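Next up: some structures, all given as structure tokens.
Common to both upcoming complexes is chain A, partnered first by chain B, then by chain C.
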Partner chain A sequence: MNKTQYEVIANRHKAVENKFSNSIISFFSGGLVGLLGEGIIEILCNYYSYARDDASTIMIVFFIFIGSFFTALGFFDNLVSIFKCGLLIPITGFAHSMTSSAMDYRKEGLIYGIGSNMFKLAGNVILYGIISAWFFGTIRYLIGGLT
Partner chain B sequence: MLLYSFLFCGFICLLGQIILDNTKLTPGHITSMFVCLGAFLDCFHFYDVIIEKVGGGALLPITSFGHSLIHGALEKADSSGFLGIFMGMFDLTATGITCAIVFSFIFCLLCKPKD
Partner chain C sequence: MTFHFQNVYIEETSTVCGPYEKQGPLRRYFDQCYDDLSIGEDSWEKSEIRLVRDAIDILFRKTETSKEKVDVVVGGDLLNQITASTYGIDCGKSFVGVYGACSTCVLELILSSCLIDSHHINNALCVVSSHNMSSEKQFRYPTEYGIPRKNSSTFTATGGACALLSHSKSGVRIDCATLGKMIDMGQNDPNDMGRVMAPSVIDTITKHFKETGRKVTDYDLILTGDLGLYGQEIVKDYLRSYSDIYLDDSYQDCGVLLYDLKKQKNIKAGGSGPVCSALVVYSYIYSLMKRKKLKRVLFLATGALFSPTMIHQGNNIKSICHAISLEAI
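Right, the complex of A and B next:
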């Protein structure tokens, strides 16, 4: 069997992923997450008389809690396979990547397992966030006009 | 505002899904890109305008992580000069990072991986 024949057969058996329906699903699931977040803020503001800043902090803590909790129970991955990117882009994905890498390396011990590997997946977000924030902040500072 | 947050958060996730499907990038690449994008957008306080309009939907995607990093840095730089960029970097995101670390530590001690 030569290479082209192999490719034809391999393509035939590749799982067909419908890109269009994937994006629609992730649009709606991501939108629902955003809707839920805004809803929590509005409820806390209107019925429990929190300031809006406090309410948004509580909302973010709540979503991080949800992300870690579902990962710990083990069904966050199933949810991701259903809802696609709608759960990975919000802050739940950040919490998920930290909890899952911590749990994966747990058997290697507390210090070298959990301690060293907790940021294995989430580290890129923090590193590039800080680098880009520092870079753009420096540019902004040099341009001037801070208000 | 509810509708706006639905549309905005959905749009960000749609963008991520399109990048994920059509290129070979992994979710790690995409989240790093979005963090950089958020930091870039807040360079001239454009993201603040979005948050005022959209509300909670703009705080949830990972772009807001970059936004709050640079926002705290610039706020501190305003009062204490160039060193303020280093001092104020974590002022606003401290809640998120601390919560993520604490919760994931507690949960990974309590629960066993399912495999």
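Right, the complex of A and C next:
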């Protein structure tokens, strides 16, 4: 069988992905999550007299809880299939990846199950998040000094 | 590599399926259907083991034979160390574990037929299973993780299926079989298995027709395992363009037949998994053949020999396809 001939035929029967509509949905759903986050910060600052930094920490904790809680109840994955990556890119997606991994391996025990596998997907974000923070922090230091 | 068998029959079959297969068009042909993917167990692996046990129990209930009378049990599934088969099978005088990914079902039938036809054994039980969640966990992402799936991706079927093969004459005879070879066509997208496996179907079907001297018209139905919507079109198009094999309406794919793809949108391109083709053939097709609605069927089970480790190390996915010809008598 000839590989080039096969590629030509196979390309004729390729599934069409709805990349454009998926991007639009993700753009708006992700934006909605951001808007909700800003709303929470504003409420905490204006009605409960929180400092802005504290309010954003509480907002993040709230979204982590929501992401994990909905995953545990078993419907966060259904929400992702509707709202696409708009729910995976924010901190909700990070919480979702950790909770889903922990849930999958809970039957294998606290150490070999949850402990060894909880960071299976989230480990990437943590590792490369730290590396890029160090990298960009260094650039920031070299350009602007400590101030 | 085509063998002809003289005296091997499918005495009885049994099928157990999960909720998604129950929503499909073949529901009434299955012996038992579950509404919940957990199958009453507390882990996905145990759920699959339960499917295997249920399928075996149903088969023995139907045949009214005792479990000790089976000479060889041939089992296989997708899990590491073929766990569902080794933990789920508790019968027979001896056990053979096989792995052929989604082609396991036909591989089991071929190996069993060889042993029976050569009079080494009297009967053999072929057991195959897969579970959507246990496969997702092992091959892809955590089961609750909501990664968006591509339209070309296939959906691992949930179920357990058994076939009892013996010398005793029954409605369906195993006529001949062609063993396929592993094919590497440079494909490496685990979300498009139809494209990975289509070359092995093309290779095996060409070999089968060449070695038997038969034509497409000699079969009432030609059935591939789990190529899905796009894979089956690739096979048809390639064979039409580069060979004299013209597959018409008598060609179907089990992955497409098992589900109602218009209503069940999450299935995407079709079903997959070792039990996908077995659920279709051991229930629907077997029943049509027993009623003589189909005289001769060529069943080509396709398998993607996919290892996540090797993909991450930059290798391609190899595929394999084994063919078996079934005849109604």
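The definition used in the following text is that the second predicted complex is superposed on the first by the 121 of 147 C-alpha atoms of A that agree within 3 Å, B and C clash if a C-alpha of one lies under 4 Å from a C-alpha of the other, contacts with A are read in each partner's own complex, and residues count from 1 in each chain.
In this text, a contact is a pair of C-beta atoms (placed from the backbone, for glycine too) under 8 Å apart; a residue touches a chain by one contact, two chains touch by 3 or more.
The model shown is predicted, which means the values in this text are computed figures rather than measured ones.
Participant: Quick check on the superposed pair: does A:99 touch chain B, chain C, both, or neither? Answer first, second, both or neither.
Facilitator: A:99: touches chain B and chain C.
Participant: Return first, second, both or neither, reflecting whether A:32 touches chain B, chain C, both chains, or no partner chain.
Facilitator: A:32: touches chain B, not chain C.
Participant: According to the stated criteria, A:3 is in contact with first (chain B), second (chain C), both, or neither; which is it?
Facilitator: So A:3 only meets chain C here.
Participant: Count the residues of chain A touched by chain B and by chain C, then name the partner with the higher count.
Facilitator: B
Participant: Give one of first, second, both or neither to describe whether A:76 is in contact with chain B, with chain C, with both, or with none.
Facilitator: second
Participant: Quick one: is A:141 in contact with chain B, with chain C, with both, or with neither? Answer first, second, both or neither.
Facilitator: A:141 contacts chain B only, not chain C.
Participant: Once chain A of both complexes is superposed, is A:120 in touch with chain B (first), chain C (second), both, or neither?
Facilitator: Second partner only, chain C.
Participant: Contact-wise, after the overlay, does A:12 reach chain B, chain C, both or neither (first, second, both, neither)?
Facilitator: After superposition on chain A, A:12 lies in contact with chain C alone.
Participant: Hey, what residues of chain A end up touching chain B and chain C alike?
Facilitator: The overlap between the chain B and chain C interfaces on chain A comprises residues 17, 22, 71, 74, 84-85, 88, 97, 99, 103-104, 121.
Participant: Please output the residues of chain A touching chain B within their complex, sorted ascending.
Facilitator: Against chain B, chain A makes touches at 17, 19, 22-23, 25-35, 37-42, 56-57, 59-61, 63-65, 68-69, 71-74, 84-86, 88-91, 93-95, 97-99, 102-104, 106, 114, 118, 121-122, 124-126, 128-130, 132-141, 146-147.
Participant: Which of the residues in chain A end up touching chain C in this complex?
Facilitator: It is residues 1, 3, 5-6, 9-10, 12-18, 22, 71, 74, 76-81, 84-85, 87-88, 96-97, 99-101, 103-105, 107, 120-121 of chain A that touch chain C.
Participant: Once bound in the complex, which stretches of chain C touch chain A?
Facilitator: Going by the criterion above, the answer is residues 42-43, 137, 141-148, 150-152, 183, 185-186, 192, 195, 198-199, 202-203, 229-230, 233-234, 237-238, 241-242, 266, 269.
Participant: Which residues of chain B touch chain A in their complex?
Facilitator: Interface residues on chain B, with respect to chain A: 1-2, 5-14, 16-18, 20-22, 27-28, 30-32, 34-36, 38-40, 42-44, 54-57, 59-62, 64-66, 69-70, 73-74, 77-78, 82, 85-86, 89, 95-97, 99-101, 103-105, 107-108, 110-114.
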